[in-house]
Amino acid sequence: MDDPFVIAGVELGSRLILGTGGAPSLQVVDETLAASGTAMCTVAMRRVDAGTSGSILEVLDRHGVRVLPNTAGCRTAREAVRTAQLAREALETDWVKLEVVADERTLLPDPVELLDAAAELVGLGFTVLPYTNDDPVLARRLQQVGCAAVMPLGSPIGTGLGIRNPDNIELIVSEARVPVILDAGIGTASDAALALELGCDGVLLASAVTRAQHPARMAEAMAAAVHAGRLARRAGRIPRRHHAQASSPTEGMAVL
Amino acid sequence: MTVDVNGSPRNVPPGCTLDALIAAVAGSLRGSAAAVDGEVVPRGEWEHFPLADGQQVEIITAVQGG
Amino acid sequence: MDDPFVIAGVELGSRLILGTGGAPSLQVVDETLAASGTAMCTVAMRRVDAGTSGSILEVLDRHGVRVLPNTAGCRTAREAVRTAQLAREALETDWVKLEVVADERTLLPDPVELLDAAAELVGLGFTVLPYTNDDPVLARRLQQVGCAAVMPLGSPIGTGLGIRNPDNIELIVSEARVPVILDAGIGTASDAALALELGCDGVLLASAVTRAQHPARMAEAMAAAVHAGRLARRAGRIPRRHHAQASSPTEGMAVL
Amino acid sequence: MTVDVNGSPRNVPPGCTLDALIAAVAGSLRGSAAAVDGEVVPRGEWEHFPLADGQQVEIITAVQGG
Amino acid sequence: MDDPFVIAGVELGSRLILGTGGAPSLQVVDETLAASGTAMCTVAMRRVDAGTSGSILEVLDRHGVRVLPNTAGCRTAREAVRTAQLAREALETDWVKLEVVADERTLLPDPVELLDAAAELVGLGFTVLPYTNDDPVLARRLQQVGCAAVMPLGSPIGTGLGIRNPDNIELIVSEARVPVILDAGIGTASDAALALELGCDGVLLASAVTRAQHPARMAEAMAAAVHAGRLARRAGRIPRRHHAQASSPTEGMAVL
Amino acid sequence: MDDPFVIAGVELGSRLILGTGGAPSLQVVDETLAASGTAMCTVAMRRVDAGTSGSILEVLDRHGVRVLPNTAGCRTAREAVRTAQLAREALETDWVKLEVVADERTLLPDPVELLDAAAELVGLGFTVLPYTNDDPVLARRLQQVGCAAVMPLGSPIGTGLGIRNPDNIELIVSEARVPVILDAGIGTASDAALALELGCDGVLLASAVTRAQHPARMAEAMAAAVHAGRLARRAGRIPRRHHAQASSPTEGMAVL
Amino acid sequence: MTVDVNGSPRNVPPGCTLDALIAAVAGSLRGSAAAVDGEVVPRGEWEHFPLADGQQVEIITAVQGG
Amino acid sequence: MTVDVNGSPRNVPPGCTLDALIAAVAGSLRGSAAAVDGEVVPRGEWEHFPLADGQQVEIITAVQGG
């Protein structure tokens, strides 16, 4: 593969990372995995007796997809670190999608708790992929404490509003020494393509696929969009011009 | 004796170890993990980790999540 | 094919239509055709002795691509009609991309001349695909006089500014009884995906590919983007929400 | 006699027909077309279309275009 | 006044032109006129017995405001010309806001009928202010047939979506030889300010004021916004920069 | 005044706060103060012998304008706290515009240092007005530690890019228990009006006025824009609609 | 005789002129205008403009409008 | 003796107090403030604040700023 996607020394076969939340059934998860060609999916960690089913892991296994546990629902560094530790014991992976949100209404990351949790988890030997806001300074600090990637939001989780501030994403990319993965806010394929065009190395999305009217079809759309956006980034787009420029010759017109 | 498992009291035989509890609650050891009184117990210690009356045990597993 | 793209009763194998103008060489045209999988390309009609080469037709033949002559450079209905007639004799096709521009600076269509030319060409038995602005009323009138498709601009030719007024494109699509093809203004892959997501049936672009730093790679990107956008349109995207919505369960949190 | 071809004068033999002129100018009949004094001449008429001295002839073909 | 606003040789005391439609009562019209400081208002022409009241004219008289009859509701050049003629006889003014819309759903101008009506009315000695779309070419043609101003829309009538395509408005302004008045689509004060900043000479709005929760207050807001936007245009704004630039000195820092 | 602007119990006579940096001369500062009607201006603290002139204070005195010292150029909480202490001794005010930036290139606030400095200064009895990014969570935390206002950026300092993410500003406003002042990024009048329309209580700007081609005129424009935006916010704008709505009666058309 | 005014039949005295009709319908001449059988009648002609049985008359005035 | 003022050495008479230095450097006490060896000295203490040889003094004032 002439354009590998590598996180913490591990090459992933796809730049599209899927969240499995929101899918109406494991059958739908199964179909979306097949359609998306993804190589890594997130899962949440919850009490065994909360009417949950462990068989999401079987679905991921069947597709040979890497599992990325998240710390969704955690509000403090303490909770997040313990949740990551539980995930490591349960899933035997030291990779974690670190989420520490400030409240249930906005689901926005708490910058202080997030940074504390990231530093502690790195110290505990985790490979930390933090879900963060689009602040370039926080992204920089997360790298300084040793995160393996930074995952800025395009817009709040589940909103489908796309990338609200492309300038910030471009700024994060321009400074990044680790992969940048656009996480949260993707609503449709063009949003995903734009993320890659802005220089993101990958996209992580859940609701846009799992809650679409036809999840598997949208999963296929997202896979194509990520491919398109990456190629476009590498193809060197034409500059934006304020005046028109003809694409047909201006000489050699017949006199009619 | 009685331990609190995921917020509900549960009777367990004296000398019950964590691996037995996890197996009983989760059906298998694979894909699950546990914390006792707020501290995560490494998988390797489950077999020999004795439970004590009144302890708070959290047993978790992976579910669909974003 | 479960989602055919049909213009005037002819099914085209790709929703991506390429203009060949601006490519530095026929070799590049050849590579972009291969990479794009396009089924129809535009050409301009010019005097034989203007240092031109007829072999563009051979390149199109080699790829089995349909030729769509344009009337680029025409400023009046009279010129455009005669140019279309010459194209019909030269290329033995009655399909024409109708361009009647108001001036060289903006290359914007002249609505009055365009409508007159369209009506006359339809009367002469042509299959008319007009390059138009994004006015829904003009698009409606072009359909009323019998055009086989309408091709509104996203932004002026060659600017790469994308789709400046998505509301107008959506309005045109909502009323259209013929295929709507987004023509002009596409700068990168996400622009093309957006066009399909808005409901356009296809995209026509030239400069975005032929003037990219790596034309063949951008052609491949555009093909993937058009595929992605069409699938996303058919997949039924999630609604835009102003408040966040969790994609992980809110129940079953461990107490840590 | 002399006809104007694409803006330049060109000598052609008396009785020269349009197909001959197109072939001479364009190298072949394929992919080209012509207008004489502003009127497009259908391909089927070229063979028998006689040129007259001083006529304005436009001979066009397809080129790369947007 | 060092920056006069002149249409057809007549200086108007305000760059804000108000439509009176949509106001819940003449009392509200009276208050909004007072708050806005406008110098010209539009009225519609309707059958006397349609439960209408002529006293809108008395309100305008009381404020010394010029009346600008419109041809709202007309769908053809013929209707619009006759309506303008009736308005001239009724109101003894040869100024007319020319509206020829294509349908009731979009209320978008019909470019062909509009241009025909404009040309005929100019020939009949009217001072024609056409409501047009944002097509720079149509704006140019309306000037060519002798219109005294051009009034492009920002977005469809009554939508409050603001200026959807600022590029087109700037293009119209850059070419205009008559005043350009942004008509339709204004939703709030910043939209009006932006119109002037783009180079428009004035703004015409109705619903944004008459249908606001507090019409008189919004009228005052619009007057201030038009003033602000015009001053800003003339003040020469700073260029947009992609990198930050300090506004405090970078030398002379104390070492602390 | 029926709509007072109050910070920390002090009513200010204008919602427009001016930075004095970037003005070519004190004469220009003098003119912009007069034109703006501002009631508070920021100053920076620098070494006496750095070719600086103290007489900026005389200009502010002459206009009866409150002085707001900033901590511009500080990169750590320690520096910022000491700079604020020096300002308090020098200017005998305990109000401070707290700036702690992460680097000279982006001039973006460092969330961690900013929050630490804010908490310490509040503890030292300062009235703290922090320049922050547009993260609603950081804004909330700054309020929790006792800041008297929050001053989110619209876009980076000096860029004139306006408000890049209105959603975040609206979110900050919706949660705020102290005044929200849009600080940084304003380029022209419509940007300032928009800030107030989004619910900000005031605007702080410097370069947009001091670096404009005609600073005093732009200052007057900004004053009008802030007034317009505030009135519009309080007037209750019309909702955005996707379909047109006539502002003239649809009944009573004459048959012509 | 009967004329159609704004879509409704109306009886008017024989020899009724347009100014009288407008005054009767609109209350005054100011601010109104009329078209008879689709043609706009200039204000100056109202006084001497005789109405004929069955004519279509439109009488309009200014109302609030955008 | 010598103190460092804003990064440059400056000779001051023995027993020189901070208020005298500020007045000498800034021209007046109004609008200025000082830190000695990194600690800010409250305005009320200037009069009696003795300077010592080799101290680092920062004297600042207000300038145009954003």
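Labels for the chains are A, B, C, D, E, F, G and H, by order of writing; each one numbers its residues from 1.
To be clear about the criterion, a residue touches a chain if its C-beta (ideal position, glycine included) is under 8 Å from a C-beta of that chain, and two chains touch if they have at least 3 such contacts.
All values reported here derive from a predicted model rather than from experimental measurement.
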Contact-richer chain pair [B-C vs A-C]: A-C
Farthest-lying chain, centroid of Cα atoms versus that of chain A: G
Distance from the mean Cα position of chain F to that of chain C, given in whole angstrom: 46
Where chain B and chain E are represented by their mean Cα positions, the distance between them in whole Å: 72
Intercentroid distance (Cα basis), chain G paired with chain B, Å: 94
Gap in Å, rounded to a whole number, between the CA centres of chain E and chain C: 34
Touching two or more other chains - residue numbers and ranges from chain B: 6-7, 35, 38, 58, 60, 63-66
For chain C, residues that touch 2 or more chains besides their own: 19, 21-22, 44-47, 50, 52, 70, 72, 82, 86, 106, 108, 157-158, 161, 167, 206-207, 242, 246-249, 252, 254, 256
Inter-chain touch pairs (all): A-B, A-C, A-D, A-F, B-C, C-D, C-E, E-F, E-G, E-H, F-G, F-H
Contact set on chain E toward chain H in their complex: 246-249, 252, 254-256
Chain A-touching residues of chain C, taken from the complex the two chains share: 19, 21-22, 44-47, 50-52, 70, 72-73, 78-79, 82-83, 86, 104-108, 156-161, 187-194, 197, 206-208, 210-215, 217-218, 220-225, 227-229, 231-232, 234-254, 256
Sites on chain D touched by chain C in the complex: 5-8, 25-27, 30-35, 38, 40-43, 58-66
For the chain G and chain F complex, residues of the former touching the latter: 6-7, 35, 38, 56, 58, 60, 63-66
Chain H-facing residues of chain F, complex: 19-23, 26, 29, 42-50, 52-54, 56-57, 67, 69-70, 72, 82, 85-92, 157-158, 206-207
